[in-house]
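Lettered A, B, C and D in written order, each chain numbered from 1.
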């Protein structure tokens, strides 16, 4: 039986999940879509996808007894409340990252899901990327030996507007949170200490908003490995998403994905195309695969691949990075963890 | 308005087109599916895809006045008759390759479509492959200059059963027909002469069935370029589909697609994954893109990208190759063309 | 003890061998250099390299009793006579390809070496290229299984002057002879039949000189494998020298060598450098390695890696290609072989 | 006129420079070789290379009036004294890195060279690597825009003996000093601050010797760019030496060099060879090119490419890294610089 799902939030990411469930994931059905600012256009789109319930009130999904799982894609500040409400309604939950910018609020949401005995998966889709998942598979198969160094390159093609930056929580919470999650995933271990350095090299307005746009974060993991993340808000050649894991028996490197494999040879040299432009193109299949993973966990009664606790740990690491950048010193993640 | 389509044939390729239209191509709608041997399972699948008409009688699609286009995916020996019937019903036609193994029959079908004034596109999906289309785009943009040499590598991962081979029309009609079409597409010119050499190196049963399983075909094009196709029925590392176009100003080469970009480095060396296994994986997007191209041609009133005449030219080249192999001499395509 | 060598011919290729022996090959010593047109500049160069005998008379090398081996790098029309003279002088012989353009003359030279019991290695340096040698090693190790298809791409960066073309013996004797040798080397088998097609696409003057500048040659080998060579006199992106061997258990492909591995990513795409420009750059190490191989054969009393018979077989294949092109039909190499 | 050189030290690196000068660098001549522990075998080797003076006393080179330049390849603890003595003798100086482990001693040596008005080039050969030099060339040509991030991967194939590690000065002075130089070279700017983290993951004996074998060093440059170096004493797949420069207009990445370009495709996947094993193979040409650069600077009266001051700056950065690792905090390079 297909898992009956309802989606809260019909924005960019909600659209992706809705279309994926409706079209590409036979193991699930799209029962309903709710968005508090639902437009007429969105309503038409939702109905065309076959949604039975199309509403401005998310409660319409929560109170529908046939819906088994809720996919939360609303604005970040509403995630935690919807996790709590969905938990209380006994729904299985897939929640976009982050659960909340406030750690206590995240904890509250996690506690609600735990109390209700429902599953809660966080939307760290990159773990499902064909390249990054393959590296992890090599590691788990012992091909790399003990993990010693994890290197993550994560650069966006263009910066968000400074106005967005100002309320984003900063580069580590807003952008690098994915990379902290990837680092923990690839190391197979939690982060114990971070040291962050950064600079404003892309747009002075980002600096005025109190943030950096270029950063390097050194990591120490509980298992003894070390790692580094490099971030930039602007790689002119497109979305640069690479991972390298180095260990006692070998190393694995993932290159970016490309639109085609053609090389053009001429008098000037050899030309190839840039990497896929941004996350919609690069992680197209990963968005599907994370949802399938969630559905399998729910239907198979198994743990989710990315838990609420993962989201919390990623948040701690991101906050430690922010503190490290500000105070110009290495910060133990435990220093953050204990503060709550 | 979405183009209303009906599909004849619910086998492997019919399934692909039906699911593509139903799920991925908003410009078209799947109105009906007919298969003379429709199973209960296929019926359930067709209905789940939203087909209004699900029938064992293709005539049910042809006589439905709302259906605008027919996609012919039935067995090869029925293609031409369905082209004729669909033409007479005034439907736009997408027909899987080949139209028929008999040239007169192909001509009859083409004439019917022409007389009816309907479009007829043949399913040479590889022209829509992201890599091969990119090469052609480079050529058309003048980046390669005058095309001088076209090289096509086309190897299947595993041979079909010898019983199939015996009725397939031989490696050139059955397998290399795609490559003749690709050669004409990339050269931007018809083939004037072929010389084929071949061997039975994969499976002696194929030889007993009167065919070869490994072949090299040298081509001369009307525009003066030359080319070569190499075929094998069995590449143990998977589907090997590469194209290289060499010209006065440069060259373009396409590599195979891969499941991921990861390289594993260890004491033994560097390992990467094999190319995508077979055509379902490799040409997944190309099947969608050829259908979108057909729909655009119909709705935009423009010529189709791969015409019935293309199919006929490809057939001539394939027959010339078969004759060349048999008679151990270069054969002018015109020798075949004039024979009909 | 270092092998005492004398070099006949101080042109481009003689210079390479002389410098390689003097500088990079401790197993050999450069005793003398002779060139019938020796310039003062060449004399200075030869002496600076430490040559004891520097002369306009090659006989000075042949009659020097301490010289053990002669490296023949003079003009093609003198090769055979020097092979005969060196044989009669009891010298070991390394002779640049081809031994002669006339088969009877080649046979005469080979007979002389045989009669004298001296070794005779032909300068098919490409067998020693790191890439092509690696492919052969894979084949010999059984990694490719039975060889089924051999593909050779061999394109020069720029055509020779038409005046040279007119006396060169044609593209197959002058240029593709290396490729016929490579084909036989990689197939591990002699060529039994060739079919050549060609065109004048680079320079009409080459056509006026009675030759083609672009060619495709289909090969059949004695062991059942098939192959293809593609040649162009002008690849604007530089020297294109690639080999692919396909077999029952796998395939091996060699890419061109490059001046550096850097890729530049920017808004326009990804750029890399062209292949190494021409044979001096590409086969720099191969010229050294072939000489070391010759020295090892002489000093170790083992057969040379590329025999006079190899040179003869390559010549037969090249002549068969020329005849095939002219007569527009496949030509059995035996047809050429028996004609002598 | 060839530059007359004398080499002090006939160990591994002295051998490389001696053979390069004698064989591959016509702009220089090898006049003499001195080594205080000269063996009979070394003596024979030196004479075979054509050295006029072969001695156990380096003073024999310094007092020979015809020798113009001294190449110092002796043990590290003697470098500075030989720089001083050679300066006083009025010789041009090429000195292997580091000049000394003690900053005051380095300063003394630099002052001596300055006072004598002789050139002093330090042996940071990697700047001359074809790949890394190409990246720098792109940057200087403006192709990368403003440099924002410099990433250096530098991993050895196998660790030195722990006994060596104990006296080596630690991983940053002994191994990463090359990487600090490369970082400064690629950034085109001095390092202002470093943060080093490290671990003992390769060999516990290295830890007992008070060092780490795996490290990450974050860098800040005077021009605002940031950077990271990752080091390991043991990459089982060989010498891993890569550089990436990322900037406002693009990025350039260098891959490792490989012994050949062959890829083997079979049922298991695609295999290629490991990078070149170690520095002798990887930097073979770079050793030649740095010496040619030195000779050109001497003969052309131009500044050397890698000055004594460069060596000093690299030393400061390495010491700052050592201090950062020990004190677990970011360390300003100026803190080190001012301490002297």
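The criterion applied here is as follows: a contact is a pair of C-beta atoms (placed from the backbone, for glycine too) under 8 Å apart; a residue touches a chain by one contact, two chains touch by 3 or more.
Computed from a predicted structure; not experimentally measured.
**Q** Touching chain A and chain B alike: which chains?
**A** Chains touching both chain A and chain B: C, D.
**Q** If you tally the C-beta contacts for A-C and for B-C, which one comes out higher?
**A** B-C
**Q** Can you name the chain that lies farthest from chain A, using the mean of each chain's Cα atoms as its centre?
**A** C
**Q** If you average the CA atoms of chain B and of chain C, how many Å lie between those two points?
**A** For chain B versus chain C, the centre distance works out to 42 Å.
**Q** Using mean CA coordinates as chain centres, what's the chain A-chain C distance in Å?
**A** Those two chain centres are 58 Å apart.
**Q** Mark out which residues of chain C touch at least two other chains, giving numbers and ranges.
**A** 235-237, 249-251, 265-267, 273
**Q** Where on chain C does chain B make contact in their complex?
**A** Residue list for chain C touching chain B: 145-146, 148-149, 151, 153, 155, 193, 195, 197-199, 201-202, 214-216, 218, 220, 224-228, 230, 232, 234-237, 240, 246, 248-251, 328-330.
**Q** Residues of chain B touching chain A in their complex?
**A** 23-24, 130-131, 134-135, 138, 143-144, 249-257, 259-267, 273
**Q** Which positions of chain B touch chain D when the two form their complex?
**A** Residues in contact with chain D: 235-237, 265-275.
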